[in-house]
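The two complexes that follow have subunit A in common; it is paired with subunit B in the first and with subunit C in the second.
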Partner chain A sequence: MSDTSLIVGPFNRVEGDLEIRLDVADGRVTAAYANSPLFRGFERILLGKPPTEALTITPRICGICSISQSVAAARALADAAGVTPSVEGEKIAVLMHAVENLADHITHFHLFFMPDFTRPIYQGRGWYNKAVERFTAMQGSGLRAATDARARLFHIVGLLGGKWPHTLAIQPGGATKAPTSRDKIRIATDLKTFRRYLETQLFGAPLEAFVNLSTVAELDSWATGDVGLFLQIANDLGLNEAGRGEGRYLSFGAYPSASGPMFKQGTWANGARGDFDPALIREDLSHAWMLGDTAHPTRGQTLPDEDMGEDGYSWCKAPRLNDEVFETGALARQIVDGHPLAVALAQEASVRARIFGRVLEVARTQIALERHVAQIDPSQSFMEPVVIPDDGEGSGLVEAARGALGHWVQFRGGEITSYQIIAPTTWNFSPRDSNGVPGPVEAALVGAPVGEGEDTPISVQHIVRSFDPCMVCTVH
Partner chain B sequence: MSQIETFYDVMRRQGITRRSFMKYCSLTAAALGLSPSFVPKIAHAMETKPRTPVIWVHGLECTCCSESFIRSAHPLAKDVVLSMISLDYDDTLMAAAGHAAEAAFEETIQKYKGNYILAVEGNPPLNEDGMFCISGGKPFVEKLKHAAKDAKAVISWGACASYGCVQAAKPNPTQATPVHKVITDKPIIKVPGCPPIAEVMTGVITYMLTFDRMPELDRQGRPAMFYGQRIHDKCYRRPHFDAGQFVEAWDDENARKGYCLYKMGCKGPTTYNACSTMRWNDGVSFPIQSGHGCIGCSEDGFWDQGSFYDRVTDLTQFGVEANADKIGLTAAGAVGAGVAAHAAITALKAAQKKTQSTKEEA
Partner chain C sequence: MNILWLQSAGCGGCTMSTLCAESPNVLELLEGAGISFLWHPSLSLETGAEVRRLLQRIESGEQELDVLCIEGSIVRGPNGTGKYHMLAGTGRSMLDWTQSLAPKARHVVAVGTCATYGGVTSSGENPSDATGVQYEGSHRGAALAADFTSKSGLPVVNIAGCPTHPDWVTETLLLLAADELSLDSLDGFGRPRFYADHLVHHACPKNEFYEYKASATKLSEIGCMMEHLGCIGTQAVGDCNIRTWNGEGSCTRAGYPCINCTAPEFEEPGHRFTETPKFAGIPVGLPSDMPKAWFMALASLSKAATPRRIGVNATSDRVTVPPSLKVPKS
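The block that comes next holds the complex of A and B.
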């Protein structure tokens, strides 16, 4: 088979638009180029507006992780105003944020990722009929159960935020909604309902049993629920070898509280944990259709290159930490937090590992939220008074479902002078940097098999989707 | 050309029982505000009429409309609606990808020429020949025009497709443009909101599929059954507005008492939508109930009307109370009057916008 170049895209079942160009030789991908073809210019729109507008505008970057954007904007403004949000208000923000992330993981698994295993190419495999029954797009029994469970889970956000998507209740000082004791009971009930779904459908066993797994060997004997079915598929198709990453992970730390974040902040590289220093972030523009120099987001600009210059191939900038590529997401979060199963999967860094990072996080988050809700005290204040100064700057670093999300804001005379956002998929789907080093997904695709005559290679679908790309956030 | 199936056929094929089907018909009648005598009519229509195919495309947007849609309240209604429109082509939910998806898109257009409904989420950016939103190697605006050419009607989902939404906020870097400015020769129904309420979306689409025509529209092209009244008219905090009891700061004593959020910038008095009656996420709440004012996301230009936290009194000429009372009275009087009052406000907003833009030029 000769050398060819393939353009794969548009990818459906991802949030937003994505195209990937592949160089193929001898039935294997030799190089990949990720292109985010959608640009809206949020960072430009925010310029000149009052800082508080960011609370309404930035969530609209994305209809699936809008609370993550909302929390990041609120944190950035609180930071600029030098205010610590009210303890109880922060609990509400954490609860809403975690619920959204949980729902995103469920959406990804059932609606975006698993339907690929029902393609005719897999006919005849031992698990095929079961997969079709559970995961056929828009019809499978697993999909129906998941969308239903997800809608019920979102009652919590509806109750606290008034609506989802695009909730307004999260503010720099806390949350506008002060729940009553009755609300607390409703929330606890909604969580209980969700646990029942997880234990009967997704895991087919108590959550605690999954959370207690600590080695890959133990994981390999998991046989129940949709997770068991995925494991069977993954091991049959060798997804533990597919889409291998570099094993470098980054997490900004998720869900703050008085006693520290629920999932720790930090990095993971060469098999060891490290500290994270936000000052070392740079956005490289060498292969983006953007004008300007490599810069930290506090000095970054968003000037689209309307000539779409030669070297560029994406609207996406290339974020790097200390000049190195990092992968971000649920797997990264769980590894950095030190969960033994996640750490055991850190080197594998495969399609399978990313999916298990996500379901592990689902189980852990659900358990943590049940405790979290019990600690909300309705008698306290949920909002700290905040005066946004005329001049200021701040940053808000949070963990969205897909990984590390940062907002950096500066304003003078009551008007925003700079607003830079780095979204999780900006990290994961970044183009090459000035050293020619490809972004995480570009690197993970190298070596993926491309069958004779396959113009939409199935292996590429699995690898790309294992990152759960959110393209609307990527470029914004 | 092969016979197109009826809705009923499709639903049965999806494993929906006769009993569930009848239940769905009553639900639909109720959701659309029709009397029970309509139930057999709906059932009859669905049993005998060929299914109307739907093509659902995505432009410059955030997918919040789809997100809203797939968690519609009644699981039954959602199941049925999803299976009956079976979204012949949907970028976000469908199984196919890449070239197969492009082929499916083309095939659907050819097969159902002149007969399908085109549902559009997001809008086309026109700047730089549309290069800011490329789908299948071509600017989205081309895909949109191509799909609209043979459509029976177009649904503009959400604020993006209807009006432009925040991505069209000044300076509108990509020149994001609402659908009706690009497609001018087809009936278009606008279902604004960011996103629209899920039940409004299923309601509109069910109506169109069931009765094979558009619901009654207001002067802005929105379905009157859902956008006929202001949030303010049916707001549960309205008595506090009338009594002059207002929240003065987030989570203050008055907020705990559930007073009116008007002084916190609530745009309920100028926003036409069903939030205060249908509510959100299975009817559990809506923004005002969560303690935050309405931002008016179903109104044209809501993103460029000054701060979301400024009072609507920025619209001068009316005194605070005069504004609310006058418009409140006329709106209560008749829908027609309500629309007129609304038009007046829109005109005012437009005037205000002009002043702002002059200021910028100066």
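The block that comes next holds the complex of A and C.
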């Protein structure tokens, strides 16, 4: 096959719009360019508004990570006001946030990722009929069970947050609703229902059994549930070799509590854990349709290049930490937190590893949330009074389902003067930087096989979707 | 009935909300009604070139289209080109696709307040020059002309809400499939009346507080949020408190105000979302259809008559004074 260029889009079953340009030679991808083709300009929309309005506006950046945006905004405002939220209110925010992340992982696995294995190209594989039965788009039995389980799980957000997505219940001082003992019992029941779904369908075994896996060899003998089916598919198709990343991971740390975050903050590079310093973040604009210089988000701007100059190819900026590319997401979180199975997958950094990072996190989060709910004390206050000053600045760093999410706000005279957001997919789907270094997904695509006559290569689809991109967050 | 669903400049949250439909789930519900997707970005297998070929077949008339659903606002920037949102892989703007495909569809449905009126995407300085499909805010005439009607003769059906309730979307589609949605079924902003004839105030659990104007003074207190906290539930259309969300939820049930998200221009209320604008201490913006003088008279009377239980609870974060017991006379 001669040298050629392919445009893949609309690239669906991701959140938002995505176009991938591929250079192909000898049946392999030689270079990839990720384009986020939508600009909305939320960072500009917020300018001039009172800082509290970020609590209403920013969740609407994203209909799938809405609560993550709420929590980041609430934390940025609390930071600016120099307050900490009520202890119990923070527990409610953590609960709603973790429920959204759980639901997002389930949505990704069943609705966005697995249907690709039902394509006719895989007919005749030993697992094909089972995959069709479980994961046919809109019809598979596994996919429908997940849709039901997800809707039931969101009853927790309905009860505490009024609705999902786009709640206003999470505030800098805590949460707007004080749950009663009855509410707490009901939430525990909803969680129990979700565990039943996970254990009968997704894992086909007790969650604790999966969480206790600590080596790839142990993982390779997992045979039950949809997870077992995926493992069979992954090993048959060599997804442990596909879409390999550089093995550099970043997590802002997830779900704060008095005894520290549920999942630790930090980096992972060259096989070792490191500390994370937010001062070392820069957003590079060299290949984005954005005007201005490389800057830390406290000094960054959002000035779209109306002429879409030819150096640019995306509305996405390129965030770097200490000038280096980092991958973020559930796998990164679990590696940085030090779970042995995730650490064992850190160097593999493959399509398979990303999926198992997510699945592992589902099991661990469910177990942690059951304990977390038991610790909510309905007799306490769930909201601290907070006065937002006229002038201030603050940041809110959280972990959305897809990884590290940061809000950086500044305001003067009661009006927002700067609001910069770096979303997880901004990291993962960043374009090249001024050194010409491609973003994580661009690098992971190099080497992907492209079959003769394939205009939308299946290998590329698996790799791109393994990141669970959220393009609406990316380009906010 | 087939549907082509396109996601324009929005957050995708109306799709995510629709996936919260229950008893049965949205997939079984639509299948049972004979409704299928030609393509939905989050749900369909087809991607890339397969989708481009489908769009071509619809545009050429080779493939009939029953319903075109558009989620998200339509961006016209920069400078009217629509290039701030090019539909990936097609080299054409979503503005162009919308204008080209809408006349081919039997019905055009705008899903969510971004698609209906512009919504949050058009807030502030509206950097992308976002608008609704047929309305720019409350003004008719936007990406599609004011007098646009689809093949069915209906204007764009506006399922407004930020996000939309899953049932608003599914029931609108079911009514269209049953041929039971006429011009009379839509209100003056094109919203289906089955939910837009109700107010968020209807069945709000804070109604007893409202009756006495027993008001919460800050978020987390359980009193009525109309007087101080910006709640517009007495004017906002929606059956949010009748059918509830995600089980037993609604905005006011969770202790924060209704921000009127089903209305054109809700994104720019002219005041903070959680603060009631007042003139001479009196809230600006009174309940729908209520004569002002009567409202003032009734409010001052009922306020003076507020029972202790209701007054105390209104500024508490939970019920602290229970209803007094009625002991049957022996």
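The definition used in the following text is that the second predicted complex is superposed on the first by the 476 of 476 C-alpha atoms of A that agree within 3 Å, B and C clash if a C-alpha of one lies under 4 Å from a C-alpha of the other, contacts with A are read in each partner's own complex, and residues count from 1 in each chain.
The rule is short, and it goes like this: a contact is a pair of C-beta atoms (placed from the backbone, for glycine too) under 8 Å apart; a residue touches a chain by one contact, two chains touch by 3 or more.
Just so you know, these numbers come straight off a predicted model, no measurement behind them.
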item	value
Clash or fit, subunit B versus subunit C on superposed subunit A	clash
Touched partner set for A:Lys177, first subunit B, second subunit C, both or neither	both
Partner chain(s) touched by A:His296 [first = subunit B, second = subunit C, both, neither]	neither
Touched partner set for A:Ile7, first subunit B, second subunit C, both or neither	both
Partner chain in contact with A:Leu18 - subunit B first, subunit C second, else both or neither	second
Common ground on subunit A, meaning residues reached by subunit C in one complex and by subunit B in the other	7-13, 15-17, 19, 37-41, 44-45, 48, 50, 52-53, 55-57, 60-64, 66, 111, 115, 118-119, 136-139, 144, 147-148, 150-152, 154-155, 157-169, 171, 173-178, 304, 306, 308, 315, 381-383, 385, 455-456, 461, 472
Residues of subunit A touching subunit B in the complex	7-17, 19, 37-42, 44-45, 48, 50, 52-53, 55-57, 60-64, 66, 86, 89, 111, 115, 118-119, 136-139, 144, 147-148, 150-152, 154-155, 157-169, 171, 173-178, 304, 306, 308, 315, 381-383, 385, 455-456, 461, 472
Residues of subunit C touching subunit A in the complex	7, 9-17, 19-22, 25-28, 31, 37, 39, 41-52, 75, 77-79, 83-90, 119-121, 123-128, 130, 162-163, 218-220, 240, 244-257, 259, 261, 267, 272-274, 317-318
Complex contacts: residues of subunit B adjacent to subunit A	14, 58, 60-68, 70-73, 75, 78-79, 82-83, 86-87, 90-102, 125, 128, 131-137, 165-167, 169-174, 176, 194-195, 249-251, 255-256, 275, 279-282, 284-293, 295, 297, 303, 307-309
In the complex, subunit A residues that touch subunit C	7-13, 15-19, 35, 37-41, 44-50, 52-53, 55-57, 60-64, 66, 107, 111-112, 115-116, 118-119, 136-139, 143-144, 147-148, 150-152, 154-155, 157-169, 171, 173-178, 180, 304, 306, 308, 315, 381-383, 385, 455-456, 461, 472
